[in-house]
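Shared between the two complexes below is chain A, which has chain B as its partner in the first and chain C in the second.
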Partner chain A sequence: MEKFAKAFPSKPLPSKTAKPWALAGVVGSGNLEVLLERGGKPSNAMECHVETSIPGYKAAWLAALSDFAHHYAAGGTKVTINDQGAPPVLVTLRLRQAYDHLIKGDK
Partner chain B sequence: MITAKTAKRRENKTERIARVGKLARGKFVAPEKVPEVLRRIVEPGDILCLEGDNQKQADFLANQLATLGKKDLRDIHLVMSCITLPAHIELFRKGMIKQVDFCYAGPQGTAVADLVKAKKFPVGAIHTYNELFARFYVDLTPRVALVAAAQADRKGNLYLAANTEDTPAVVEPTAFSDGIVFAQVNEIVDRIPHIDIPADQVDFIVQAPYPMHLQALFTRDPAAITEVQVLMAMVALRGIYEKYEVQSLNHGVGFNTAAIELLLPTYGERLGLKGKICKHWVVNPLPTMIPAIETGWVESVFAFGGEVGMERYTAARSDVFFTGRDGGFHSNRPMGQLAGLYGIDMFIGASLQIDINGNSSTVSKNRITGYGGAPNMGCQPTGRRHPSKSWLKAGAEANPGPGTSPGRKLVVQMVETFQAGRVPTFVEELDAHEPSIRKALHGVTPVMIYGDDVTHIVTEEGIANLAACRSVAERQAAIRAVAGYTPVGLKRKKRETEDLRARGIVQLPEDVGVRPSEASRSLLATQDIKGLVRWSNGLYDPPSQFVDW
Partner chain C sequence: MTGAILFHEQTARQRIASLVDLHSFAELLPPPERLTSPYLAQLGIPVSFDDGVVIGRARIGGKKIYLAAQVGQFVGGAVGEIHGAKLTGLFKAAARDKVPCVLIVESGGVRLHEGSSGEIAIAETMRAIFECRALKVPTIAVIATDIGAYGGIGILSTCCDFRVMTEHGRLGISGPIVIEKWMGKKAYDSANRALVWKTSGGKTKYLLGDADALVHDTADAVRDGISKFLGKSSAVSLASIKARQKELEKRLKKFGATSEPDAVWKGMGVRDIEAASLASGPEFAALAKRGK
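Then we have the complex of A and B:
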């Protein structure tokens, strides 16, 4: 078990999103859950909270989150991640899915 | 006038056959007499071809050969495309082999690596299929060929069935150079469906007590396709297939490309790509292609070999597959490889390791697998002269200079950044550089696909267009950009990635119009093997290990 939090600079979210929050994935073995919420402060940062069952990969997590904040306008969001040993290749996909749901809705 | 040399070679063949004498009745040999016949027809120093293809194996003849020892047979120069069976390894353990020239050793990769370490594996070279078949006609012409066929008639004509594979390429150079061809067959019948090898090219035949071994190599269960693979398939379809209007192609045998096949009737249909892409295939009869064939995407499929369980389906779809007058599926490895080398717009496959220059390899320190045919397809054939839309478009991106080809084959590597067990796919240096392996291969590093030949790398992070890179440094930056959070990926610089993305050299899923939230297994035309059977209208008979109902 490892737990950490950090904020990353990111362009502000569009003023209107389809939903106030969005969820992607589930907490289950080999999977992870990403919750993305509006209303994080400040509006030019993405605030991240990670809880993972597999310790020792903090650098990779931070790099993935930093890249995401850089490529997507996610400022003013709060990201909460619950990981149960998901393969590394799944992390960015879940972030992208949650972001897509937030901006464009579930359809 | 017969020259002295020809006469000598022909006389020698006559002598060998005379030595067999009454052990054979005409061409036909009883199974229990096979070891003694082999002892009499093979001479020390011979180039011996033991047919071991990617799929079918002359396993009875291999097992009989392995019952002999060094006192019976020695100094054999073994030539074979695939080292597959324990009996093949046994010949090395017994010290009967003075040199081996081959292509692939997948199933025995660990045993081969052990033999190399023990200095009991004297490699001439590891070849691609086309190269070895070519050398059968140049300096590796077999003196004796031990081959496998489905049936023989009483005259000795052979029928090869769906797995035609390498047999014609082995038999022809042997038979037309006064060599000896010895075939094992599953059965001897009065009338065969069609003649693949005429009787006058065959010297001996044995009806094996058990049917030849066939590897089911190309069956991928849709149930094992992951969401990440669906995302990558969507990205590849939009960013490469759609962009270049790929008409003709080869798919590797992984789950990544199986996902693409299963997205054609769903996602591809929605994108309006039917009739515009993926019409002509050079590929084994992949069960995961059934939904695309049934929905009318596919005009033709030519294959290197067959696939277990696809016989009734291919016979029923003779408008798509190459089949004989009897409906029987026909394959041919050298012709398939030739088609894959020169005839197609795109090769797309996966790999175990890719280095920062885009070189890929399936070799690890404890496993030597060889090449098979992937490098024949995953390369830029500079002898190509005919254009296609895709070839010219990719060529223009590569900015050809004077004295270079105007076109490029699309050579695509599609990999997840990590393998199972968090092992990174992207590495600074390939395991294939291991000095003991290089030494055994006379200084050659076993690279499957050279970085120079690769046009695109697709990962779950996005696409890197290597052909559009203008320098080695730029290519390395593009590879790091899609290498995810592997040690190679973590070294990328944000500014470089941003620059490459602005120029379209690196593309994220969104950049090619893919919505990641759509990446779901429900997008696949079917989610399991049973669904493939349903799509085939009950014509596909999956091998038992894939049947759980």
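Then we have the complex of A and C:
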């Protein structure tokens, strides 16, 4: 297991979202779950906590998360990830799904 | 959004969303509570925010229910301490509030990484189910995925008043691979999917009376199946247990010596095996004179 946390600069989240939190994905082989919550401390940063069963890919994780924080207005959110070996494209997909659910709701 | 996806292909959360009345689901102990397994964390295995089971309150056709859906993709939906405690609490709440409880099953049984606490949790959940049954609060298990209901969860499912199954669902105690390991490949070939489904699959379980309804693999059909049982409950009494024991003795006498699953189908009133193999849900049920 490898565990790390980092905050990335990001534009503030819209003041209204459909839900206070959103979940995307499942902890299964080659998959991960992303929990995205409102109420991260500074409103201009996305706070990330990652726990992964595959150690040694911290640089790839940080690149994927920083890219997401750059492209989406996710400031003031807390991202928590439980990972079981998901590839980087899937990490980005789940982040976008969770973001979409947070802003627009599940339906 | 999820209406078109087959029920067995949905995730636990999608299943709940497609079954219950729109926006009626209120999750209990949701992911932000972070109730995760301390055992898995110690063993260096990734944990999940809901520990593999989503529980909450909802409505089906306006009727209040308590609902749990197991997440088969997370360690096979296996029951650990937290997972089991969530199930126990849910059935206890159902008994307290006299509200029917529905369990969407997808589990191989107890999680071996936390075996003892998982076993205890299953036992406690069984006790809570019987608490419901004593109070005539309906308990319904839905078994509709190929992970199915095995081990402790197989037992737990049969403790409920009713079981709704699809042809994808499987119900048993020891899983096919376990049986093969103990009895040998000649006795039971776990790679023979036709054999596995004809011995533990939904159609056979319906014929034998272990499943109370056989429905199509869609959320609408499963919802209809659940709705039919929401107002009913079957009481547990000494007489009902003795009657059940008699049925099982009869079954053993009738089929105990056969190693041919088709013989069981024929014995339970299926005349055209090929047509029945291709039929599903109610069409299959129509082809069989169950138990006659």
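By definition in this document, the second predicted complex is superposed on the first by the 107 of 107 C-alpha atoms of A that agree within 3 Å, B and C clash if a C-alpha of one lies under 4 Å from a C-alpha of the other, contacts with A are read in each partner's own complex, and residues count from 1 in each chain.
The rule is simple: a contact is a pair of C-beta atoms (placed from the backbone, for glycine too) under 8 Å apart; a residue touches a chain by one contact, two chains touch by 3 or more.
These numbers come from a predicted model, not from an experiment.
Peer 1: Taking chain A as the common reference, can chain B and chain C both be placed on it without clashing, or not? Answer clash or fit.
Peer 2: Superposition result for chain B and chain C: fit.
Peer 1: Between the centres of chain B and chain C, viewed from chain A's Cα centre, what angle do you get? Round it to the nearest 10 degrees, please.
Peer 2: Computed from the C-alpha centres, it is 80 degrees.
Peer 1: Give one of first, second, both or neither to describe whether A:90 is in contact with chain B, with chain C, with both, or with none.
Peer 2: first
Peer 1: Once the shared chain is lined up, is A:70 touching chain B (first), chain C (second), both, or neither of them?
Peer 2: First partner only.
Peer 1: Classify the contacts of A:101 with the two partner chains as first (chain B alone), second (chain C alone), both, or neither.
Peer 2: first
Peer 1: A:21 in the overlay: touching chain B, chain C, both, or neither? Say first, second, both or neither.
Peer 2: In the superposition, A:21 touches chain C alone.
Peer 1: For A:59, using the defined touch cut-off, is the partner it touches chain B, chain C, both, or neither? Pick first, second, both or neither.
Peer 2: first
Peer 1: After the two structures are laid over each other on chain A, how near do the C-alpha atoms of chain B and chain C get, in Å?
Peer 2: It is 5 Å, taken between the nearest C-alpha atoms.
Peer 1: Following superposition on chain A, which residues of chain A contact chain B and also contact chain C?
Peer 2: Shared contact residues on chain A (touching chain B in one complex, chain C in the other): 106.
Peer 1: What part of chain C is in contact with chain A in the complex they form?
Peer 2: 1, 11, 13, 17, 22, 30-32, 34, 44-49, 71, 73-74
Peer 1: Taking the touch rule as given, give the residues of chain B at its contact with chain A in the complex, in rising order.
Peer 2: 227-228, 231, 416-418, 422, 459-461, 484-485, 489-490, 494, 508-510, 515-517, 519
Peer 1: Which of the residues in chain A come into contact with chain C in the complex?
Peer 2: Answer in residue numbers: 1, 20-21, 23, 26-28, 31, 33, 35, 37, 51-53, 80, 82-84, 106-107.
Peer 1: Touching chain B in the complex: which residues of chain A?
Peer 2: 24, 59-60, 63-64, 67, 70-71, 87-93, 96-97, 100-101, 104, 106
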